[in-house]
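The following pair of complexes shares a single chain, chain A, combined with chain B in the former and chain C in the latter.
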Partner chain A sequence: MDKTMDKNTIIEGLKEIAKPYIQDQEAFDNLTEDTNFVDDLKINSANLVDIILDVEDKFDIVIEDKEMEDMMTVRSTIAIINKKLDNK
Partner chain B sequence: MTHEKIISLLPYSEPFLFVDHLEHIDENGAIGTYTYPESSFFYKGHFIDNPVTPGVILTETMAQIGLVCLGIHLMANRIEEQAKLPEMVMVSNEINFFLPVFPGEEVKVISSKEYFRFGKLKCEVELRNADDALVCKGKIAGMVISNSSL
Partner chain C sequence: MIGNDIVDLEIALKESNWRRPRFLQKVFTIEEQQYISAASDKDKAVWLLWSKKEAAYKVIIRHFGSRFFRPKDLVTLTNISDYKDSSSLLDGQVSFRKQIIHTTSRVTDTFIHTVAQAHDKVTPLLVNFFYVEKNTYAIQHRVTRQHLFENYSAVTGTSVKNLSIRKNAQRVPYLYNKDQRQILELSISHHGHYAGYVIQSTCDR
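What follows is the complex of A and B.
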């Protein structure tokens, strides 16, 4: 059975999680899969940790340290979430 | 790692070291004390003719005992392997203040770990005076950084 989630559903979830931490409203309003959390949304690494912890709770997955390093863009984050969901 | 060893590794010195003793430390939190000497530099200007310990100094004391000492304990193996202390910075704090602390008072800091993940340590921290009354309380987070950019 395919346990992965629709891309747009994940993006909506990510936007809700990231919203309190973003420092660039325009980049957030124009968010795409290419959006980078640090470079575009100007989120600091401390708040990136809060986002990852919220992602774990929302999608009921556990992210490893190495994986977090790859979760810099919306696209790579969707890929990791779906990989985790698929392996559950 | 012994309490004395942890204190000796702290990256601070007079006039910005705010840890005298550690009473207890384990993976879930730290308890330690500090007495503010009457000669501390900040009493000269905070306030004029009315010395009171500044809130930022109380916050720093909470961070040094509650987070940095705890962080060293949690990373003891890594620190001993690398023979080097990782760079740690405060990344957020939200503190409420209830009582003043005057020159010469001893305070006790009690921290309780919320999480230590992806290099970020977040704790609930309390600071109490010699009568065990609550002086200030809140959440502080610190982070281990690999370069100077946050």
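What follows is the complex of A and C.
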């Protein structure tokens, strides 16, 4: 059975997670798959850890240390979430 | 090579909950976690190690040329300094693979500012840290740059209005005079109400 999630559903989930940490409202309002959490949303790196933990909680997955660095953009984060969901 | 990082302790306390489950395990090695749990002021211990890693990271991306997010690969050597005397500067080291980065941290009750260098005992051209009244990102960004330009101008005699900062693809900042990239390294950091920067001439490779 395909356990992956629809891209737009994940994006909505990620927006909800990122919202408290963003420091650039305009970039957030115009968020796309290319949006980078640090460069565009100006999220500080300590809060990037919070986002990773929030993603783990929301999607009930465990992100390995070596996967953390791929979670810089919305697109790569969607890919990791779906890979994890698929391997569950 | 140079880097710096500043942490506003009050904002960190408010906006970053390092006590939440799994936070420390994602960021710190076992030894670092032991150091934190043994510290009398755990908040300061967490953000001191954090600022050392961040400042060292900024040195390392200059060296490797690509970005990464693996906080546990930057290992702070926790046995060599503690912050008992908050008036002094703390020397420390961060290792990344086989490379050692030297750090100097100023730990106060309101902020922690760490400067990191690939080579020991090089005095930077300029090191500065200061309080910014308004703490929104855009204002911090502008005020920090203005402060840096004025300070650099005072030291070198360059006109402030000709100075600008541009970042390369790895988001490493460079100082420009008109359209001429200056042969020096700089690192800028701001968080909450505090900002810091460091400038070094690049004779130190």
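Criterion: the second predicted complex is superposed on the first by the 88 of 88 C-alpha atoms of A that agree within 3 Å, B and C clash if a C-alpha of one lies under 4 Å from a C-alpha of the other, contacts with A are read in each partner's own complex, and residues count from 1 in each chain.
By definition in this document, contacts are C-beta pairs under 8 Å (C-beta built on N, C-alpha and C of every residue); 3 or more make two chains touch, one makes a residue touch a chain.
Keep in mind the model is a prediction, meaning the values are calculated, not measured.
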item	value
Chain B versus chain C, judged by how many residues of chain A each one touches	C
Partner chain in contact with A:53 - chain B first, chain C second, else both or neither	both
Partner chain(s) touched by A:1 [first = chain B, second = chain C, both, neither]	neither
First, second, both or neither for A:23, with chain B first and chain C second	second
Chain B versus chain C as contact partner of A:68, first or second or both or neither	both
Set of chain A residues, in rising order, touched by both chain B and chain C	44-46, 48-49, 52-53, 65, 68
Chain C partner contacts - residues on chain A that touch it in the complex	21, 23-24, 39, 42, 44-50, 52-53, 56, 65-66, 68-69, 71-72
Footprint of chain B on chain A - complex, ascending	44-46, 48-49, 52-53, 65, 68
Interfacial residue positions of chain C with respect to chain A in the complex	12, 15-18, 20-23, 26-27, 50, 54, 67-72, 136-137, 171, 191
Touching residues (chain side chain B, partner chain A) in the complex	91-92, 115, 117-120, 141, 143, 145, 150
